[in-house]
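In the two complexes below, chain A is the common chain; its partner is chain B in one and chain C in the other.
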Partner chain A sequence: MSRLFHALTLGQRCGALLLLSLLAAAWLVPLFGYNQPNVQHLSAAFAPISAAQPLGADQFGRDMLARLAAAVRLSFGLSLLCVGSAAVFGILLGVVAAWSQPWCDKLLNFIANTVMALPGLVLVLLISGIAPGSFIMLYLGIALTLWVEYFRVVRATVQPLVHSPEIECSRLLGFGRWYLFKRHIWPAIASNVLTLAAFGAATSILMMASTGFVYAGLKPPTAELGLMIVELFPYFAEATWVLIQPLCVLVLMVLGFNLLAGQKA
Partner chain B sequence: MSALITLDNVTVAAADNVLVQPLSLSVNRGEPLTILGETGSGKSLLAQAIMGTLPASLTMQGTVSIQQQPLDIAARRQLWGKQISMLPQEPWQALDPVMPCEQQVSEVFRYVGNAAAASAQLAARAQLDQVGLSQVSRQLPQQLSGGMAQRVAFAAATAAGAPIIIADEPTKGLDTSQRDGIVQLLKSQTQHGGLLTITHDVDVARQLGGRIMVMRHGQLLESGSAEQVLSQPQAEYTRALINAQPQFWPAATPATAQQPLLDVTDLAQHRGEQLLFQGLSFSLSAGEILGVYGDSGCGKSTLGDTLLGLLPPASGHIKWQQPLHRSQMLKLYQDPPASFSTAVTIGTLLKDLLKRHKLAASAIAPLLRQLNLDAALLNRTAKDVSGGELQRLALLRTMLLSPKFLVADEPSSRLDPITAQQLTQLLVRLAREQQCALVLISHDKIQLQKVCDQIIDLKDYQLREVQA
Partner chain C sequence: MKQILIKRLLQLIMMMWSVGTITFILSRLLPGDMAYRIAAGRYGDDAVSAAAASAVRQELGLNDPLWQQYSHWLWQLMQLDLGDSLVSGNSIIAELQHQLGYTLILAVAAIFLSALIAVPWGLACGFRANRTLDRVSLVVSTLLRSQPVFCLGLLMILLFALTLNWFPVAGYQQPAHLFLPALTLALSLAALSSRVIRNSTAKVINSDFYLFAKVKGLSEWHSFKRHGIRNIALPVVAFMAMQLVGLIEGVIMVESLFAWPGIGHGLSHAVFSRDIPMLQGTALTCGALFVIINTLVDSLCYLLDPRSRRA
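== the complex of A and B ==
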């Protein structure tokens, strides 16, 4: 773990620190009693900062701190799920495409190019529009737009590697495909895949917020950053301070992941 | 005779150790100077010290004079191209891969020589014509052979009229015929200028003539005229270096017990549309050594891959007289680092292999001793091991599986002469002791004649084309 830390650049360390503190805050806040993101106190709409509500209350008198913590947990969870499945799927197909017959490679490449041709957000909106408010559909939509990047990067890296002496040599020595992946392919693609994963996490958080912002994603009263922003938007004049909070959290999360991704792009 | 380059007590040192011991030399007009020595002997550092391109982590002391003027690094830098120029080790890395050759040479005339665009192009054409490359002036470096690319690099390096050339391993990885072409080109340079060549190839030093300095571990061992050093070497290392040339190798004992292993009849193979060879028939017995000879690109490696079953033959039959397990047919690669995964240590890779074939870990130690390898090497990755050691480790890896058929694809062409000889002798021993049939691929015919039981010259099996 410490070796990993030393391998990171200063920017990457800042990003990791930012994300870790956000995560820690999001999980610790409920333990201190701020655990009711959806309980309304209509008489206390836009209540000022107090010990019971350290970040104030929104238009329905809900505790902002509890809502932000819940939103961060949701965004993190979804982004990790999306990135994880997109990466596994993309790497698998990328390796298969580079390793298999030309017709299979062409077919997979055709599918990937088709997905690439659609703007990512449109695809997410389309799929999540099938069943509005469904977490599964949102997840599927985002994961389906993300896998293509992994596919393309992995395919391009593995293609020249498949015919390289090192892999040919290991095959002659009697090793199977899993071994070739573990010892030759994964070391070659790992750093690129991890960079893509960090960018992908930022993208998926933004996509989720964007669908929430246009009411195509999750439904109220779920505490979700995009949804919170759009709900607070009409009260921009009266409660600027409350609107700024989810915006800041969103910026910090995306910044954290982009810093973690490092300078390689 | 006027001294073009003079070094006075030049040393190169890293933070805590001296890499080049105090050294003085002079390169005179019309008399080539060749520095001979193995990889890691500090030869290339010397060239970098003269040019002023040493890495920042190294420090240089002593004076470097060009045309009898002591100059510091900044002043030497001003002379690049016009007075002094360097011929790089690997031409493909020095040339721009996406620019036609003619343009690369003309840019030197234009930007170093300050010529107008049109006249620069004419001059570049004439320059390429002079090195015999007028045919390929429009091609990209990748489309050329190593020898041709090196000639383009030579044309570019001399385009601005530098009278002094420093050539750092100019013939590395080239065939004998291509190598001789480059040496002739370098020799022509000495008629009107100075030449400092750095090489580990005794033949190159002999052909260049002039004076020779032998270096090892950053130390000058001996110097003198080429004739004197090569015919009456004083230092033991020089003798070893000269004796490591294939023509001085002792001939290997011929194979004894003959148990037929392989019959090849009427084999032909293509690469794309091009027919590489046809009508190839031979048979091979266990413990026998077959040499495959030919220039680069003639299909030697393709023949090896075909025998190993990695490529299907275009026509003809390969018949095995004894059933062989898949992992008893192995290959030794030309470029040792390319055949190892660099992600983990060599020890881990060997452990993987033992596990895969359910072998005992105790098999490694005796092989390490036999191949004269240090067990500490196993804790390093392939990146941190020298070429000669890595090739022996590759040999160890194959010997663990006790192969019955081994294709060695130019296993020693990237090694120093002494290491190359050791490796080849190890291979011969492996073949004889373990009754393993060995296919030795090489572009060095003398080497093959010394060790092989039979030799195939692929030229005899090529389709003869009428020159248009």
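== the complex of A and C ==
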């Protein structure tokens, strides 16, 4: 663990710290009794800060702290799911493409190019059009746009590696494919994959918020950052402070992942 | 050059096929009987009867096997027969023509503005790499990049439209309406491209050939003009292709935010109202824009770099 910590740059440490504190806050908040993100108190709309509602209330008198915590958990959960499945799928197909027959490589590359021919958000919107408001469709759409990056990077890195002397040697010694992957391929792709994963997490959080923002994602009353922003926007004059909260949380989350990915622009 | 065009044409066809397929699946997954739904759309809700529905089913071949319907769907797509909107009843092509004009104005204005911002910004940082200005600009660009483009747009509205009252919030009649959406998009694009320009500039002015140009007595301006610009531009233009995804996605968000009546606005509304022909049309147009601008960037790279022509 300490070795991992020392390997990180200052920016990456800041990013990790930011994300960890957000995560901890999001999971701890319900334990302190702020666990009702959807309970309305219409008489207490935009109630000021109090012990019961430390961040105030929104237009329906719902507790903002509980809502924000729920939204952060949702965003983290979705991004973890999307990045996890996209990475596993992309790495697997990338290695397969680099390792197998040319026709298989061509086929997989063709599929990847087909996905790449559409901008990600368009694809996500199209797929979420199948069942608006469905978490699974949103997840499928985002994961579908993300796996291509892993596939391309892994394929490009592994292709020259497959015919390298060290892998030939290990093969001649009779080691299995899993061992070859663990010993030779994973170390070569690991740092790139982790960078991609951090960027991918930021992208998936942004995409989810974007679809919520245009009412094409999850449906109210789900506590979701994009939805919260668009719902609160009409009240910005009365409650600027409340509108700023989901905006800040969203920016902090994306900033955290971007910092964690490191500056490679 | 020919190879670039063929590759992109293939990409265009694949894009059309995938959009067509997804929307075909979508249209079959909608709840309710399709024949009744179309009959209701044609004759009004009151005039729907089993006879009308079966007439529609006969006419549109809804009893045919699925693969026949699918090939029919693709055949119509190939002829660019996109049908009529389920909401407004107008033909999709006419609506798209109307929207595309607005989107192109917005996209061109945004690219132009972002170049206006990013080029001086990136060059200034590149010439003074790792000095104070560069450090500050890194922080600014990181902060800008962490914003989803609609947050940036909201901040613009709050600042310029509601506090300072300089520009209108939303609308599309006057040129003044264009400014805020274009600036929002431009800033989000410039945040990233300024860093690319900065890196490229720093690399070129620290290179041996640039040093040599100065050693042989060329002035700062001459060595920059003869040896700098083209070398700096190449990675920047190549990077623009990557940024296109951001541009198209940004257009969708910004148009929805500022009620700019373009393709992206149409797309998000089509998802919201489940207007499938419209969804297909707008997604196709977004995809086509993406491929076409990509082709332009590829050709520009080809023209900029004489090495690619020799190969």
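Note that in this section the second predicted complex is superposed on the first by the 263 of 265 C-alpha atoms of A that agree within 3 Å, B and C clash if a C-alpha of one lies under 4 Å from a C-alpha of the other, contacts with A are read in each partner's own complex, and residues count from 1 in each chain.
As a working rule, a residue touches a chain if its C-beta (ideal position, glycine included) is under 8 Å from a C-beta of that chain, and two chains touch if they have at least 3 such contacts.
All of these numbers come straight from a predicted model, not from anything done at the bench.
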| item | value |
| --- | --- |
| Joint occupancy of chain A by chain B and chain C, clash or fit | fit |
| Touched partner set for A:P187, first chain B, second chain C, both or neither | first |
| When both partners are placed on the shared chain, which of chain B and chain C touches more of chain A | C |
| Touching partner for A:S210 - first (chain B), second (chain C), both, neither | second |
| Angular separation of chain B and chain C about chain A, which is computed from CA centres of the superposed model and rounded to the nearest 10 ° | 90 |
| Partner chain in contact with A:F175 - chain B first, chain C second, else both or neither | first |
| Which superposed partner A:V122 touches (first chain B, second chain C, both, neither) | second |
| Partner chain(s) touched by A:N113 [first = chain B, second = chain C, both, neither] | second |
| Partner chain in contact with A:P234 - chain B first, chain C second, else both or neither | neither |
| Partner chain(s) touched by A:L255 [first = chain B, second = chain C, both, neither] | second |
| Partner chain in contact with A:P165 - chain B first, chain C second, else both or neither | first |
| Minimum distance between Cα atoms of chain B and chain C in the superposition (Å) | 5 |
| In the complex with chain A, residue positions of chain C that touch it | 11-12, 14-15, 17-19, 22-23, 25-26, 29, 138, 141-143, 145-148, 150-151, 154, 158, 162, 192, 195-196, 199, 244-245, 248-249, 252-253, 256-257, 267-268, 270-272, 274, 276, 279, 283, 286-287, 290-291 |
| Parts of chain B lying in touch with chain A, wherever the complex brings them together | 308, 310, 326-327, 329-331, 333, 335, 338-344, 349, 352-353, 356-357, 397-398, 401 |
| Residue numbers on chain A that touch chain B, as the complex places them | 164-166, 168-170, 172-175, 179, 183-184, 186-187 |
| Touching residues (chain side chain A, partner chain C) in the complex | 113-115, 117-122, 125-132, 202, 206, 209-210, 213-216, 226, 229, 233, 236-237, 247, 250-252, 254-255, 258-259, 263, 265 |
